[in-house]
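Each of the two complexes below includes chain A, the first together with chain B, the second together with chain C.
On to the complex of A and B.
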């Protein structure tokens, strides 16, 4: 039996939580239940909803376009995140030492991350243009070959990855920098006295201390890139053909171009499941602040 | 002497590296802005023109002669109202989770984190069907509802961290002096948490302002927001790059101004969101 006092405490806590629970249940929980129900139906504009059981999920397992989209998404995530981690790490280390103008550099580096992804897609599309794009101009001036970046199946996905790296390296840098700044200075001082080289310090102090933060960055970026939509939609629209189609873009096309809302719901559940697994890993690596 | 020389070399190498990185990361935005103040002919010139007489023609064409002033207004109104409501609701919730131990506390916090990570399309599909049944498609209310709901999980997490870091002694003192708990929250704790609340508000404002998927699906021609309007340029067969650049600049410039003005807050908010070791 709980005492009267403790009941009162629970009740007053939930008074503060009432508005959020109301909004979350109505606008997030209910839609998610609805979309999981929808994933067991076929939907067409003419025939409406028809219950078809697991058929959508069976179709997804056999859908070759979905397989390509999944493979593209994995390539995209793996390539973008690994470059972002390496570049972000180097940048964070550079910015971790005191120097004139450090805060200014850090402030300027924030800008790409805060730009609307749809705008970055369009912006880069303009720069990638084979006829009047500035990128081909720079390549030509440097004596490099030029490409039809977004219009060629072999470079379209790469073009999307470059934009992702441009947009999110600053974010990775910022988090790693925060991690670096939490490493006690005495660690390095002791290492210096012992005559440790730069690489020994990296290996035995920086990397081990930074490990939890690297994990957090890795999980956050993976969650985001699994569902990437805006940039790819604006940049290539998944094309040419399906060469840069990601799962997020495919779900959107299925849902709002061909209006197969049941099938799109099933795809979005597969995506949600992937991010759910990653977020459970993420939750294990963080603690609720007390 | 030798170490001094070494330090000098390392320093200049660092500066050189940073200058190259900054140039690469800032160039796309700089180039877009440049395109937006060029005459249409100059925008497509090859080799590119670096020195030219700037013109506001693209801005005038889109924001005065076309409908874009309305989209700008929509974006501004919908984003501002959503963020005000979401910040208020999240602050209440975060205060509750930070100050009370109650059944379901951890579950509420972790649940919010999970809602935050679920792909947008999983909400957008059912909301589209629900909205069309409720007549909420292409209304300001519909957009405000969805933006508020999506902002809340992240905002609550960040604010929870701030409230935890503020000692409860002061508000307890206020309550002894006869303040109600709610009054203590608004008069004592909230002013102390102001930097955190500002950081959260700025970050969520930017995310909502930039959002594309939800307004693209849930709004039509009447409540179109700027990101949806700029995306419409790419489906045109002949893209008016100058005008597209003008609209895109209008999306980025407010964010840029906010970033410069609230740089400290933004860094605080971004890192505290992830940094709960």
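On to the complex of A and C.
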């Protein structure tokens, strides 16, 4: 049983926490509950709000456009995160060693992270432009065939993935670099004395020590990429057709173009559940050493 | 004890500050009120997209000087004009008193009760009223009527021309077959015969509908059921797709093209023809903006489908933009006063010079000698209006445009055949109509 003194200490803790708790409730809990409630209603500008139970979720299960958007989102996330992880790891390892101008290179590599996603989307849209974009210009200069990057169904999603990799690899690199720098040097020295090769050091020291950071990277990047909106909206608008449509962009179109707010809310909840399931799978499958 | 006191004080302060913020402002004592001075008029907030904002700002300045009222002009990016304004309307806070809305949104917004009907205000003799005799496009005004109530006044009614290079083409094509022939003839080196608006989310629908209607396609049958996958509709999409996929007479990047890209392609001499909005005429005719082609182009009616009897069936889309009032405006009468001013000749005169809306709804502005001199295309515009149609006035029109765009885009880029795309478009529109309760 809680003593009177400890109870008082709890009360004062809650007093100090009260303002921020109120903010969290107002900004996070209330919208979540409201969206949850809205997902059981049909809403249109002309017909208003009508309770329809689980119908939005049933419609989502049958919605072929949603299935395409989900497939695109999974492809997008899997491709972008895998490349970002590999590239980020290579870059972090490179920057973890001493060389002339290391700080300059590190600062230079962080530049993409500074641009907001919508700005980088618009910037890359110009670079992808089939007529005056710099990418086709280089392809042409090298005698390679040019492409309508964002207007071709076979390259539109790829174009979006490339932008994601460009923008978020520095973030992955930064986290992994922090992880690498926390590994005690003695571990490597001991391994070298024992005659361990570079790959053995990598397998038995670097990777196990980096596991917690890899888990953080996977969780954060998965949450971000499953709900990706800005770059795809700016680059392709989900097109051509629905070839690069992602779940986030589809929810936006349903919510703020068609104003089917109930359906868009249900899509958001499905998206949140998918993110939650993937996150739990990560947490369970990656065993972090004690 | 101290903790309890602190907790009590915190709760009391929170409750007091909440109550204080909800309370009405203190009423000044009678002696504090100036005896004769009338309260200043409440400011009116007008939403408009960036391209016409300079015109609205000038009109607002003139209105403020004339009446002493205050007008706040809120600029909105073109890409989010629907999202921002409709969100504001659905919030029912009256954030914008006057909004910039195209005619195809009227049915759904009026049905939802978001717009202020103007009929009562028009019957109020204490308020200024529009000069109906000055309306240049009474049809444009009718586009703002839904279920016998008027919800807005148009600013302009725009349509599309066939622009062609006079140094290359002596006679503009009359039929779609001739159009293809001419396009094939001039597709060489760095030039393409023509262009398309292939971009999502909407542009491609506004472009394709010209072909669709001209080939004899109809959006709905006599029972208001969608009928876009008729043989005529499929033939129109096949022709449209073939311009890119089969004949390659348009730049390969057209799936990413909309107004600016089509404009640039013609300005830079990369296309011998283009179907483009009439607002582009001024840019093409400007030596500064189009040094390569400013004196080498002309306009014609869009080509049409040659009927068995030899006649040519032409059709071209029209687009009406205008201003409406928010039903939840807290300042309806003042907003109406400004609406009447802005959509009358005194306000409309700023749009052709400072905005992007050229063919304004005022005879006085359109016949002004300066305007006639600056816009030699005006007489021709009236000829094109004979071929013009608008999207149907239904609560699902905007969603229908999006559905048609998605499917036309899928066909244009080879994801679907024209038949599949039109079948899917038909099914999508059918679902929209059912959901909206039309049948």
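Here is the rule we go by: the second predicted complex is superposed on the first by the 275 of 290 C-alpha atoms of A that agree within 3 Å, B and C clash if a C-alpha of one lies under 4 Å from a C-alpha of the other, contacts with A are read in each partner's own complex, and residues count from 1 in each chain.
Keep this in mind: contacts are C-beta pairs under 8 Å (C-beta built on N, C-alpha and C of every residue); 3 or more make two chains touch, one makes a residue touch a chain.
Quantities reported herein were computed from a predicted structural model and do not represent experimental measurements.
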(request) Applying the touch criterion given at the start, work out whether A:110 contacts chain B, chain C, both or neither, answering first, second, both or neither. (result) first
(request) State whether A:256 touches chain B only (first), chain C only (second), both chains, or neither. (result) both
(request) Once the structures are superposed on A, label A:131 by its partner contacts, choosing first (chain B), second (chain C), both or neither. (result) both
(message) One more residue to check, A:151. First (chain B), second (chain C), both or neither?
(response) second
(request) Based on the superposed arrangement, let me know which partner A:54 touches: chain B (first), chain C (second), both, or neither? (result) neither
(request) Could you let me know whether more residues of chain A are touched by chain B or by chain C? (result) B
(request) Scan A:175 for contacts with chain B and chain C and give back first, second, both or neither. (result) first
(message) Is A:12 touching anything from chain B or chain C once the two structures are fitted on A? First, second, both or neither.
(response) both
(request) For A:230, decide between first (touching chain B), second (touching chain C), both and neither. (result) first
(message) If I apply the document's touch criterion, which positions on chain A are contacted by chain B in one structure and by chain C in the other?
(response) 12, 15, 131, 237, 256
(message) Under the definition above, what is the set of chain A residues touching chain C in their complex?
(response) 8, 11-12, 15, 18, 42, 44-48, 129-131, 148, 150-153, 236-243, 253, 256-259
(request) Would you tell me which residues of chain C are touching chain A in their complex? (result) 3-4, 6-7, 10, 82-83, 86-87, 90, 107-109, 111-112, 114, 198-201, 251-256, 261, 265, 270, 395, 398-399, 402, 406-407, 409-410, 412-416, 435-437
(request) Can you check the complex and tell me which residues of chain A touch chain B? (result) 9-10, 12-17, 19-21, 23-24, 26-28, 30-32, 34-35, 38, 91, 94-95, 97, 99, 103, 105-112, 114-120, 122-127, 131-132, 134, 137, 166, 169-171, 174-175, 178-179, 212-213, 216-217, 220, 223, 226-227, 229-230, 233-234, 237, 248, 251-252, 255-256, 261, 264-265, 267-269, 271-272, 275-276, 278-279, 282-283, 286-290
(message) Which residues of chain B touch chain A once you look at their complex with the stated criterion?
(response) 11, 14-15, 17-18, 21-22, 24-26, 28-29, 31-32, 35, 43-48, 89-90, 92-93, 95-97, 99-103, 105-106, 108-115, 117-130, 145-146, 148-150, 152-153, 156, 160-161, 164, 181, 206, 209-210, 212-213, 217, 227, 230-231, 233-234, 241, 244-245, 248, 251-252, 255-256, 259-260, 263, 266-267, 270-271, 274-277
